[in-house]
Structures are given as C-alpha cells and as structure tokens.
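For clarity, chains are labelled A, B, C and D in written order, and residue numbers in each chain start from 1.
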Amino acid sequence: MTMRGNGPLFVEPDCDAARQWFREKPKQMSDKVMSVQDAVRQFVSDDDYLASGGFGGDRIATALLHEIVRQQRQGLSFAGHTATHDFQLLCAGNDTGRGQLLKRVDIAYIVGLEARGLSPHARRVVESGQIELCEWTNYALALRFQAASMGVPFLPVRGFAGTDTFDHSAAARVTCPYTEQELTVVPALWPDVAVIHIHEADRFGNCRIFGTSVSDWHVARAAKKLIVSCERLISNDEIRRDPTSTTIPFYCVDAVCHVPHGSYPGNMPYEYYSDEEHLREWLTVEQDFDAYLEFIERLIFDSANFEEYLAQCGGAARMDTLRQQELDP
Amino acid sequence: MTMRGNGPLFVEPDCDAARQWFREKPKQMSDKVMSVQDAVRQFVSDDDYLASGGFGGDRIATALLHEIVRQQRQGLSFAGHTATHDFQLLCAGNDTGRGQLLKRVDIAYIVGLEARGLSPHARRVVESGQIELCEWTNYALALRFQAASMGVPFLPVRGFAGTDTFDHSAAARVTCPYTEQELTVVPALWPDVAVIHIHEADRFGNCRIFGTSVSDWHVARAAKKLIVSCERLISNDEIRRDPTSTTIPFYCVDAVCHVPHGSYPGNMPYEYYSDEEHLREWLTVEQDFDAYLEFIERLIFDSANFEEYLAQCGGAARMDTLRQQELDP
Amino acid sequence: MELMICAAARTLEDGAMVVVGTGAPCAAAMLAQKTTAPNLTLMFEAGGVGPRLPRMPISVGDSRTFYEGLMATSMSDIMETCQRGMVDYTFLGGAQIDACGNLNSTMIGDDYQRPRVRLPGSGGASDLGSLCWRVLVITPHDRRRFVKKLDFVTTPGYLDGPGAREAAGLPPGSGPYKVITSLAVLGFHEETKRMQIESLHPGITVEQVQAETEFELECCSPLEVTSEPTAEQLDILRREVDPHRYIIGR
Amino acid sequence: MELMICAAARTLEDGAMVVVGTGAPCAAAMLAQKTTAPNLTLMFEAGGVGPRLPRMPISVGDSRTFYEGLMATSMSDIMETCQRGMVDYTFLGGAQIDACGNLNSTMIGDDYQRPRVRLPGSGGASDLGSLCWRVLVITPHDRRRFVKKLDFVTTPGYLDGPGAREAAGLPPGSGPYKVITSLAVLGFHEETKRMQIESLHPGITVEQVQAETEFELECCSPLEVTSEPTAEQLDILRREVDPHRYIIGR
C-alpha cells in the first residue's frame, strides 16, 4: 500500500501560517462594493492559487473569470473541483499568445463539460504537458477546503484508496489510533483567492445562496481573499431580517461586485437556466484554432466588460428566455 | 505529552458497524407522525446512548426528555454537550426512587444552567460518583458528532491539549503526515438515539430550523435513531417550495412528534423566550430534596403528557407572555 | 438503449437511495420511480435531493436536480451520506472498465504527463464508487472499453481481486454490482470478484460478448436472457421520462 | 464592576472579532461597540454572529445572540472561525486561575471521582481558550480563585510556562492576555508567561493584591493606575448597556 501519493503539493498545509494571515485580514464591516475590474486588479495577483465557486457551469462567477483572463494574470494555480465552463474560460489564457495564465492544476474534473462533451482547447492545453497536474476527487477537494476552513492541516476520508488517482495525488495514509484501520487523509488547501457568484449580498459582503451550495460554504471560509459577485445588492437590514439565510459572513469577503446574470452562460438557480446554445458554440468553435482565437478576441478581450459580453450573446431578450426556462422548466 | 486521554470510551468509533446500521435503516418516505409516548416507547431503549439537540435551555426537546424520564428508561449514556436544563431533567431519573436513568455521561458542560447557577440535584447525582464520566469540550463533542455524520472514525482538532480535560477524555494524539505537528483527534460518536426540537417538519421528517443550529445538523446525521418534535407540522409541498431551508432530511428521521411549545421552559427562537421564573423555581426547589421529589412527581410523573405540564406552568396565558418576550425583546 | 435503461430500472428496489448522474442513469432512476420503486430517493452529487424532476438535468449540479426537491444541500453532505453508509446505489461510467470493475475516466495513453486523450478525471466518481454500497454501470460494450488493463485506475472496483478493497481501507461489503451493456447484463463472481455474464440481451450470444471483451468472461449458470422492457416501462419511458428522446434516441 | 467592564471595553479595538459569553463580558463588548469600537464583531459560541443586542442574553445560545444578527450559524462554524485564526478575543471565567493563566471550571476537590464541588466543565471554554488569539478574564480577586495549583486544568493558559502551549500543539502566539479583577489589571510577562500586575485600581496597593493571590506576583514598571471610567462610558453603560443593572448592580 502506497503511504503517500506522488503528486505535487501546491499549497503547504501550514495552519499556523494561515492563522497569521487570517489574523491580519481586515475585519471591519466596511463598504466593499467595487467594479469587477477593480476587484480583480486589487485581489487577484500573478502566481496566486485560485478557486472558483459553484459547479462548473452552475452558479459560476463568469464575469470575474472573464476579467481574470482579460487582465492576463500569469502563472495561476487552480482548483479544478468539477471545473467545466470555468476551466474552459481560464484556458483562454493559455496558448493564445498572451503568456500562460494556468500553470498548476489540482484536478478533480477538468476538460469536460459533463454530458456536453470535452473542450478541444482545454484538451490542447492540458495534453501539451505545460500544466503541472495533481489528481484528486470532488470530495477530496471539498475536504481540502473544509480542512482549511476548519484550520486543521488534514482531514480523513475512506475513498479513492488503492487507485492511480491516489498515486497521482498528494494524499497520504494514516492509521486510526482507535480502530487501527488505514485511512486516507487529504491536506488542507487555502486558496490565495476565490471567486464565487451568489444570489444576494449586502455592501459589506454578507451573502445568501439559494439552492445547492456545492462546496462554497467551505471555499469561502478557506480562501485568503474572496471576491463575490451577486445578482442583487440588498440592504444590511434585509440581511439582519433573516440571519439564518446568511451563508457567507462579511468577514470572509474582500470585494462585492454587483453583476446581474453574472453566472451566464451557466445556470443560476431560481434566476436563469444555462445557455446551452452558447455553450455548444464554445465547444464547436474550439475545434478550429483560428476561429477560436477570433471568438475569444471578440467575446472576451475586445469586450470592455461583462455587459458587452452579455450584449453580444443576445442581451436582454436572451436573458429573458433563459429566465423563462429556469422558472418554468 | 500524554498520547491518549485516560477517560472511558462509551461508543466504539467503528464506522463499518455504523455503515451496516445505516444501510439497514428504513429509508422509505413514510408517515412518521406519532405521539411523544409512542416515539419514546418505540425508539428509546434501556442502555441506549442518548443525545439531545439545541443548547441546554435553547431549542431543546423538553417534551421528549420528560417522556424519557416518565417512562423510566434505565442505564442511559448521555452526551452532555452544553447540557443545562436538559441534563437537569434527566437527573430526575436518578436518586429519586426509580432506578438509575443516567449511567454514563460524556461531559462538555453539565450541572450548570449558565448564568442561572448550578442545579443542586444534578450536583447530588454527579458528585455521588454513581455516573461514569468522561470529559470533553463543546467543540470536541461537536466534532465527535461530525466525525460520525461523515462516516470516519476520528477528526483532528488543535484545542484542549495539555489539560486535565484532555487527560480525563478519550481523545488521542496523532502526528500530521504533512506538517509533523502533534494534533489532538477525537473519536466518532454515533448516539443510539437523539431527540431534537425543531420549528417545522413534514410528516416524513423533512425538517427546518430557524436561527442557530448549534450542533444539530451533525447530531441528526450521526444518530442511529432520531426523534424530532416540531412546533408546526407543514406539508411536503411547503418543504418542496424551499428545499434550501431543509436542515434535516427525512431519511435521518424515525419519528415526528407535533409538540407546540415543545422546548418550554427553554427558549425557541422566533416563537417564545425561556421561562426564567420557572427555571428559577427548578433551581430553588432542588435545594430541598423532599420538595424536589414532590415537584417532579407533580410536574412530570403525575402528568399524563407534556400538555398537562404546560397547563401546570401557566398554560396559554404564560405561553403568550413568553411569545411577547421573544418577539419584542 | 431502452433495454439497458429498463434493465437498470429493475435493479433499483423501492425505498433505496441512489446517487445518479445525467443521461441514462437518471432516466433509469426516473423510470424506476414511476414503476416499481415510487419511494426511490434520487440524490445528485452537487447537493440536490429528491427533486420532482421536470426534465432531465443537463448538469448534475443544475437547478433541476433540486426542482421542488426535498433538500438543496452541499456536495459534502451527499458524499458524507454515502460514506456514512446510507446510500445503496450509484451509477458510474468510464472510458475503460476491467474484469474487476475498476474504471478509468482520467486519460487514454501510457504517459500520464502526455496523455493521448485527457479525460475529465474522477469528479465524484472515485468517491461514489468507494463509498456507496453498490455501483451500477451502463455502457456500450466494445473491446476498447472492456480492457485487460486500464490506462489509469480512476475509480476502485474490486481493484486486483478478493480482499483488495478492504486492504485499501475501502468500506467492506461495497463494490461494483452490475454492468449493464449494449449486449448483456454482467455481475461479479462472489469469490473471484471478476466480471461474469448474468444475462444476454435477446439475440446476443456469449461469443459475441466475449469478442467485444478483452478479458476472459465467465458465465453464470443458468445464463438468463435479459427481460425485454414491458409495454408499461416503454410507454412511461417514451412518454414521461424522455419524451424528447434525448437519451433513448442515442 | 463598572470599572472592570470599562477597563475590559478599552482593550477591544475597533475591527476586532470577539467571542463573548453572558454577563460582564457581554456588557464590556456592548460598551466597546457603543464607544471606541463600533466595528467590533460579537460572536456567541452557539452560532450567533453580529446581533443588534436588544438586551443582555441570558444564555449564549438564546435568540438574543442573533437578534437582527448578521448570521445565525452553528457552533462548529464559530469554533472553526476561531481555529482558523480569525477571532482576536474571547472572555473566559473560572473558579480558579493560576500564575500562567490556566483556568479551572470543572471541579473543586482532590478526587476527580468524588469532587467536593462538581462544576459544569469546559463547555466551550477550553476550545476558545485554545483557539482565539487573546484570552481576557474578568473576575473577582481573592485567594480562593488566584491559586498556586488548580484542582483541575480545564482550559489551557500558558500551561507550565514558556513554550508549553506550542509543545502541546496549541496555536503559536495565542494565550491569556489580560486578567481584569476587582483589584487590578494583570497581564503576562512576555518571557516567563507569568501573571504580573499592569495597573492597580484607584486606591489599591500591591500588597492588597498580593494578599489576595496565592502565587507570587511581579509588577510591571512603571506600574499604572487603572483609568477610571469616563463620564461617557458610565453614561452609556448605565443607560444603554445595562439599564436594569443586572450586571453592574452585582
């Protein structure tokens, strides 16, 4: 039995270093509303470890991811925890003549878009060997965020033992002091920065999510810096009317960006369904590299902001259709 | 450094035995509504390990605890996770001429009622040495439930090391395979049965809690058998209208008891405040053992059910006052 | 495809809990609910529990997975519920499967650094295949999929045979249960933990199945013929479960 | 009591996070919020965060701890936030405290099986005292409380001295910070980790404090006199924080 996977550890599970960071993180309930551009400029740095909320094509922070690509961040590490369209977007920063956005990836799920198929450009990037990879599972990555949010260096799990997934991970084995059984443990993962799209936030960053939370409860708490984008800005009084609904408290949040349709073309529960036509367009156009370069040039790099992207994708009329699909499936 | 506390382990952290139990637990979405009497008769057995939801005097399952005392269960183990009025109630089954209800207690907090003072009868029972004790902390017990609900034999924590609390616990120490640091680990705790009072449930046991959840999310999932009492029975359609608000799913639940004011004299958030006068009466009357015996005889053993107890405590008028105190503090 | 979905639906008994993905597994679970297992609880790995599915979800995280659902929770809650032992079934797929039911959904090729095809990876598959009691696979049957040796073991089946799961620390008593293919329904021998043919689809021979399988297959005795879908199953499948033939039209 | 509460309130800087209990700590935190630290975030161990406290809570789990609050969450969320390193302060009490700031809230007596007085136990104290950065204690000052050797170490202070917390695996840099008593404000020597007098309350002498303390006390130099409450502090304390004199009347 292998006692430690051979995969690289991109973030040291040093909970004391993380404690020091969180001690110094500002915790005033200050106004954190800013533009997507400013938030990314201020809180996403080259070589940062990035985590992305939601579930690949569901409740994802598309606007923030576009901006990270647009601002041409370099050398990022990324947690590919069911990463689908989000991973596909970030790959627009690799092999497209603007340096290398992605450098290292912890993988649970990348390259694919679930039943929709594989992303040709993401495959190009990953199969070229330019990215350093480490294999995990969805639950393993969720647990790594959970360990970080708990402030402990590892958490135990009974899964994925005995596999090549384990061998290409940086998971380890320990013996239970009670049962003497062998257990897998996974190391805590504090992302330098996380981007999460949510339903409602106040100006200070108190957030509400409706529907499944996937791993965002833990991602938000594990992240050293956190940018949220929200469908709606609400008042602090409204937050206080129902404190049970607060999913992420202000002291985890560094920036609040008001971005209606911010998950487009992903699904946003109770707001709009995914734009399957547009997602299909991405997959199709990626097959022809030149067409793909033209496509991302037009949709991302030449768009000043996310609103221009939305306008190119059908604007208000398209959003209404997707809203209808969501509310009356 | 002690590598293992000397306290007794009342429940083996055997996650495979627990898996087998949960595999066989019925998971049909059947109608589970029944009386408090039937629920306790059917699901609380002598020698069971019992856990109690809420926070001692806040959102506690008073009606179910009364019934456990009334039906004179014997030899129970109990998780004293900030146990205040709930522990005081269970102690009415010890040294009162009806055998020995409590036999073993995992302690984080017992005997006291926070700022209200110590319970003289609970002190009598505990100081007599008749109960086997093991020391923990609130978070340690919360983690023990969490480990059980996760299905792993232990979870790590950085707290309570180096203390007599640790030495009188059954916690252990492990070395982190990543950081080489020494960590405390606590063993999983699957209660045989848990009682939790919640705001709303449907007939199948899908539950909503408003306000703080304390440790009940994990207690509900860790418990082998779970009885919930609720302020209101709601329809399954209402549950389905807002699945984000479901805190405990039906498949964890064995019995649903409809008990308005079921946390009285404890506080129930958004419903009624704690009855401080009545709680003071408990503490006062316990000072005189004969008066205490008469008191519990009248309030618990001679009451056919919880409704009679409420009636003796001031009935509807008192409940209205407490509701006012809660809604307009 | 209809036959496969109907065969899968029949394996799900009433009162069971199942973590499903999109596509055929979801169709099978929906069909089971509408026929023999009205009390089957559907769970989705991103957190959806017990939806009244209005349509097939496109993503296992999309809002349909908790449409009028019993609970919209977290991925950890779903995985922990599996790890705790409460979940009877899960459906998994993969680009390759071997005789012990191990699955590959990570890469094709012999160099991990430079794969011939990079596939998505485990996602939740390796977790669900470790932690649920019984794993079901619905897959086309051909020699590129049913291979002697996987290019990468993503998800543990019985690993290299009897006792190997337990030795690795995986929960005793769990593992692959049925492999429902375009040619046959296969199970696993109780002792050898190797795949064996349980029933052949109507008109299919053992030789045909073996020809599409790189490893040696045993046969159960007696070898059954897979039951044809009933008229009721087909009717519900075509009218209610998949009226647009997204799945059954494949 | 007013002096103690005001002294405690002054130690809480704006923008800090503090886990408070009921009684004097809660009064101190409320007073700080209304004077020098409007951005002080109050947390309660049962899950309440950032309430607009309408009155003093009776229980650290009661509904006032999240009345018009920012979040009503779980005990684990609070403890994890402490363990993660986000929480600056906590207030603890105890029946006994020793020179290194260790606290006993478990039992009085020398036989664990048959204690002279059984006290509640740790509750969240040992967790908070381990995991928050700085521990504050507000307590009456007498020889029965300030003892050489605790009957039971419930909550770790500096344990048996320099390096002991770290050796036990407790987070480096955390520990007891101030002990605010009826006679003085005490801190801990940076190197010896032993309690020392930082300031004497007006009219109190070192000898008086030492007389009420079983262990040897050092003094800071220069030794200050504890600042009297300001008129503004007293006014807010009496009119807004504790108008019924539940705490300050003690």
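Observations, loosely collected:
In this section, contacts are C-beta pairs under 8 Å (C-beta built on N, C-alpha and C of every residue); 3 or more make two chains touch, one makes a residue touch a chain.
These figures come from a predicted structure and were not determined experimentally.
The pair with more inter-chain C-beta contacts, choosing from B-C and A-C, is A-C. Chain A and chain D have CA centres that are 40 Å apart.
If you average the CA atoms of chain A and of chain C, the two centres end up 28 Å from each other.
One finds 56 Å separating the Cα centroids of chain C and chain D. Residues of chain C in contact with at least two other chains: 66, 72-73, 83, 131, 171.
Within chain B, the positions touching two or more other chains are listed as 15, 151-152, 157-158, 173, 181, 183, 210-211, 243-244. Taken pairwise by the contact criterion, the protein chains fit none of the simple patterns, being neither a path, a ring, a star nor fully connected. Across the assembly, chains come into contact as A-B, A-C, A-D, B-C, B-D.
Across the interface of their complex, chain C is touched by residues 15-16, 18-23, 25-30, 148-152, 206, 221, 239-241, 243-244, 246, 249-251 of chain B. By the touch criterion given at the top, residues 14-17, 39, 41, 49-50, 52, 66, 68-73, 80-86, 88, 131, 133, 171-173 of chain D touch chain A in their complex. The residues of chain C lying in touch with chain A in their complex are 22-23, 45-48, 54-55, 58-67, 72-76, 79, 83, 102, 106, 112-127, 130-131, 150, 152-156, 159, 164-165, 167-171. Chain contact summary for the complex, chain A toward chain B: residues 4, 9, 12-15, 151-158, 172-174, 176-179, 181, 183, 185, 187, 209-211, 243-244. Residue ranges on chain A touching chain C, taken from their complex, read 1, 54-59, 80, 82, 84, 107-112, 114-116, 118, 123, 126-129, 135-140, 142-143, 146, 157-165, 168, 173, 181-184, 210-215, 217-218, 267-270, 273-274, 276, 326, 329.
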